[in-house]
Amino acid sequence: MAALPVENHGSPVMELLNISKSFGATHALQDVSLTLRPGEIHSLLGENGAGKSTLIKIMTGVHQPDRGAIHLDGAPVQMASSADAQRKGVAAIYQEPLLFPDLDVAENIFIGHQDRGPFTRWSTMYEEAAQILASIGVQIDVRAPARGLTLAEQQSIEIAKAISLKVRVLIMDEPTASLSAYESERLFQLMQDLRGRGVSIVFISHRMDEVFRLSDTVTVFRDGRHISSRPRADVTPQSAIAEMVGREMGLLAPRATTAAEGVVLSVDRLGRDGVFEDVSFEIRKGEILGFAGLVGAGRTDVGLALFGIAPAHHGRATLDGRPHAPRSPRQAIDGGIAYVSEDRRQLGLSLPMSSSANISLPVLDRFKGMLGMLSRRKEAEVADEFRRRLHIKTASVEAPVGRMSGGNQQKVLLAKWLNTAPRLLILDEPTRGIDIGAKAEVHQFISELAAQGMAIMLISSDLPEVLSLSDRIVVMREGKQMATLDRKDATEQVVMAHATGQGDQAA
Amino acid sequence: MSPHYISGSNIINLFQLSIEKIVVALIMALLIINGEIDLSVASVMGFAACLLAYLTSQGVGMPLAITAALLGGLAAGCINGFFVAYVGLPSLVVTLAGLIGFRGLARVLLEDRAIGGFPQWFTDLGQKAFLGPLPFALIVFVVVLLVAVAILHLSTFGRKIYVIGNGVDVARYSGVAVARVKFSLFLMSGFIAALAGVLYAARLGSVRGDLAQGFELEIITMVLLGGVSIFGGSGSLLGVFLAILLVLNLRNGMGLANLTGNSQSIVIGVLLILSAAVPFLVSKVRSRVA
Amino acid sequence: QDAGAGKPVDMVLLPKYLGIIVFDQANNGAQEAAAELKNERPLQFLGPTPENSVAGQIEIVTNATTQGVGAIMISNNSGDQIAPAAKAAHDKGIKVVTWDSPIPSAEGEDVFVAQVDFDETGRVLADMALKILGEAGGEFAILSGSADAANQNAWIKSMNEVLKSDPKFASLKLVDTVYGNDQAETSYNLALALVDKHPNLKLIVAPTTVGAPSAAKALQDEGLCEKIKVTGLGVPSEMLSYTQNGCAPEFALWSFKDLGYLAYQTAYALATGTVKAEEGAVVKAGRLGDRAITKDPTREKGLRILMGPFSLYNAENVEAAAKE
Amino acid sequence: MNGLRLRPERVRELSLLAIIVVAVLVFATIIDGYLSPRTFNRIASSVVIIAVVAAGQTLVVLTRNIDLSVGAMVGCVAYFTGALLAANHGLPPVLAIALAVAIGTVMGAINGALVVFARIPSIIVTLGTMAVFRGLLVEFSGAKSITTANLPSWLVNLPQMTVLSIGSFDIRAMVALALVTIILFQLGMSVLRVGRHFYAVGSNPDAAHFTGLPVRRVIFSAFLLSGAMSGLAGFMTLARFGTITVEAAMGLELESIAAVVVGGVNIFGGAGSIIGATLGAILIGTLEQSLFRLQINQFWLDALLGLLILVAVASDSVLITRLRRFWNEARARRRQIPATTDTTS
């Protein structure tokens, strides 16, 4: 693979000029311009709905701009489709990699190539694929089907694909959202490697630390408008956040602990074959127990075991002193457990249905009226109350949840589970993918719940979040409980050390 | 328009001629909204009717034979439901197997024979008015319709049907007993299909192995025509009921205008495609205009 | 000529299924009669497709009843399943004439226009079988239409009786009776299966115009025509090549055109009230002459008008007949 | 080591082959004179029609669609080709076949256009066109049937034509024609780059779109080719049965889907092979003809076929997942890569 020439200060490789794009009444982008230089990592910042994804979809030809122009190497171009953009050297990697699970790794890399003749030359293809993967330091069997690969492996394949296409502009939309710290680290190395080869990278992430570590240039969007583009040296996280939200905003402040007497949940040497083992902890009334770890550490699985989705094989748990071994979510809910899933769209909410229908779902039997039929009035009343309590912005609780913004959806999801009046609330990544404003509200609300005496199990990959909200923190790694830290002992460094298996050195 | 078209007896006739199909269509709507499909209904109808005929030919009394036929339908639904709900196989394939298999069992039972000679009261049930001018099957239809509406649109069970249709995982994570809901729907489908088969046997007065063969397509067509999404999660019984009325009237109108079965199936086929195409075309036109 | 000629009567002619050539011939005959009788109302030729055979006929009869036509002519494609619908029509004063295939119980039926004497059919089939197999005789099998077809079942029954009662047929051995449901593909496959199952099979008797050519084609495709022959009921134009190449040396049929003609004459006479459906009444049937209504000897109840006769077709006359 | 080269899909096909062999052996013990050239011919001639249609159906199913109209298309093609030949006895055979394929292709194009351009789910489109095609056939034919008497003699005699005799085993012309077509298709699917597009589109339609694969064209081609194969099958039906009524090939859609499913093609798209579907067709055809032979009735056939489909799919969902996991692990072990997601080591 021939390295492309490195030119860091050349003329712009790609320019977007006065781009506007509307979806019906929504002005997703208004008069936005952006300049991309060869070999730079250019980060886009902005709250949810600021228009970042729309912009990159225009760059890759998925959407056509209503107004404005795209220039490549100074000449105006049309991006007719994503395939067209790829041919012109512009490719994107999305948060969820788009692979073909039934095709093998090598095919996944090469299937989009238009210039390889009418025949598939299998052996050549396997060789080349292996070479490319080796060149980016990834070890994956090129003959294995893509089904069953980890997210990180899948992203590596996407990158290999981009390299094989000799792209000049690579766009990454929230690539780290589902990656572990270790995997993110690998990805950052790769990005720097690509930058070294002269590839321009557009990087979108809601994680400030990543953005400030990697970027050459930082661009901020707000409400579909371009606010600023500056070299990284001229920006601070605080100033960027201020520009994003249009107001000054403090970072997270630690909450006051409210833990009281009375153990709600006690877990003793819980395990599930091949997933996690020997997990023990207690949660008291009014306590928030944080669960930190890298993705795939098994935190979700502990939650799912307690919620009855994938029951534990070993160990025992007691809830309010009674044995707790649910075989189904139904049993867990009846026992007083609520689980707010990390995957809002697939597992959390029924998007085409109304908020009131979603909120009543786990405890439908409570909404029976005459003749055991469902009482819609009761449903609406309850939903309306939650709407007020959680400041859910929606015209009506009868409107489909799918039309709401991410933050409001997350609040509906919370409402759905609070409606079960649980003894123990399991929150799995409660703020993933929602913007800073909504996030602060959710944090506030979690604190309030704890203050009212609810026991909370908080699973989060957002370290500042876990550190500031939790009373104690369990750190997991590869299905094992590495440490249980008191709030005062927990720092980012210590937690990460345990999460990456370096706990002994750190201690 | 033909003057015969709007007479009361014609309206009863119009239902009577397709009554077995539309009874089954109601339950099919529930299944499709739930995100599944039952291709085996017509074969279960045939199987139940053949079981009934076989048993009566062996000297079993009618009430017992009817009970056995209905139980046979439940058993068929049980098999479908087990493989879909508890083994997790796609219902398209399981009930395709059922479509072929239960028809096979029907044939095994009756082989080449056509069995009739049912007691008078039984054939009267299928052929004569039962309550005022209304035949028994029509009353069954109304009852099944009311029950289905109550289940789908008023009960918590109906809510679960929609939630599952919109996404099985959300339902499961919300404590809905997904497998149980699916299983009960297949049981219902099997039972109602068997009931329809028995009614059809009563109307025809005799039973052959190919009874109700091919009905599944018309039944599914009526449901889809009623605006029920083939992907599950949306649709209503009102829509299905209107589609049933539309199909019956079209068939009847065309029949009275002496257009035979095949012209009717062309019209219904085109209608089915159009009804699915229209939402898309409208949205396309709307986006052009906007 | 019918005394009521010239009166307008709505009439419907129902074949067993659409897509079978003999029923189209019957339609032609009925149209001919309609023209002769100067019935200005058009004759409706409506039939079910084979896949919704029973339900289709019931639907057509019910619709015709709603329309209040004057007469319905049915070639029944099942057993008594059509009876309730026919009875409903009959109760409304509509004349119900069956032709080709009657309603076994005669319920709701005014009169059956029989193509030939059903007992005679059995003998004709047996005679042809004997002629083809010769004195030595041998094994033969029957390939019929649907299992509950009233006409075919009557023929098979009478053939069995003839075989048993007449010692002349002692050398003929019936080894199997199967049903191809008047479907070409099923009949084809069944013919081959018969050949495989019975290694000594010499002859397939197919009393159906779909079964006979399908069986002949199957034997021809397998190169078995030397060993095994086909006979039964067939349409000359469909059987032509098989008769000429020896696969089906002889077969029989009556004129479906005449059958349609006679059915129409009968139904028209009943509908206009010139003739009552009772024993002894006589229908003046145009070119077919006077035909009397008698008790149907092959059914417990019911009246019939007999057409006849059989035509036998073989290498000598088949080509001419096919051109008709 | 070599065993590892066998993908789960191949294992699936080999086991199907084994089942066919076992079935044949079982029938051989209970039916006298079963293992004879005649049985072979009988089964081969009836299998090829299902197999040809199943090959087209495979393409459609691979792209996450379904074609319920194949039976109606076969019937239409058989009828219209028959009518054309009856009117022009001089039409050369090759042209006749081309015409049949062309008629099928046009009907397939209608399906494809409705699915791809009007964005109607294929199950609805083909449910509709199945009724429409069959209805049009009845209308156009004036409910008259094609009979051998109208057809040119080369066509009537085609089923007997033999291209190759090995001992007393004949390879009939139609069987050869079908086999060649199927083999070409299978080769195309594995060797041509566009062949893999069918898999890609079915495996992940979104990814296919973003990768720049011509998704619409691929789905359209699947229906087009299914139509073309139905056209060929229509010709074969015409030649074989001679008598074509309005209900010719009715029910073939179910048989073809059964063959595809039994042959291990994933009903949700993305996985499976033409060879598998052909084996599925062979198994179904063998059972069908052998049971015909055994009992001279199909009474048990349908019941067995239903069971077969159920067993095939149930074993798939259980076994194939197991096999695939085993295969992945074995390959990984060979390359010293941890099989699971442990990239931290």
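When the chains are written out, they are named A, B, C and D in that same order, and each has its own residue count from 1.
Methods note: a residue touches a chain if its C-beta (ideal position, glycine included) is under 8 Å from a C-beta of that chain, and two chains touch if they have at least 3 such contacts.
Note that the structure is a prediction, hence the values are computed from the model and not measured.
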A-B or B-D - the one linked by more C-beta pairs in contact: B-D
Distance between the centres, which are taken as Cα means, of chain D and chain B, whole angstrom: 30
Whole-Å gap separating chain A and chain C, where each centre is the average of the chain's CA atoms: 75
Chain A and chain D: spacing of chain centres that average the CA atoms, whole Å: 44
Of all residues in chain C, the ones touching two or more other chains: 18, 47, 49, 51, 178
Multi-chain contact residues (two or more partners), chain B: 111-112, 262
Of all residues in chain A, the ones touching two or more other chains: none
Pairs of chains, among all present, that meet the touch criterion: A-B, A-D, B-C, B-D, C-D
Complex contacts: residues of chain B adjacent to chain A: 150, 154-156, 158-160, 162-163, 166-167, 169-177, 233-234, 290
Footprint of chain B on chain C - complex, ascending: 18, 44, 46-49, 51-52, 54-56, 58-60, 62-63, 66-68, 78-81, 83-84, 146-148, 178-179, 181
Residues of chain B touching chain C in the complex: 2, 4, 7, 9-10, 13, 16-17, 111-114, 116, 123, 126-127, 203-206, 208, 210, 213-214, 251-252, 255-256, 258, 260-262
Touch list for chain A against partner chain B, complex: 24, 307, 309, 328-330, 332-334, 339, 341, 346-353, 357, 361-362, 364-365, 367-368, 372-374, 416
Sites on chain A touched by chain D in the complex: 62, 81-84, 86-87, 92, 94, 98-103, 107, 111-112, 114, 116-120, 139-141, 143-145, 147-148, 150, 152-153, 182-183, 186, 296, 478, 500-501
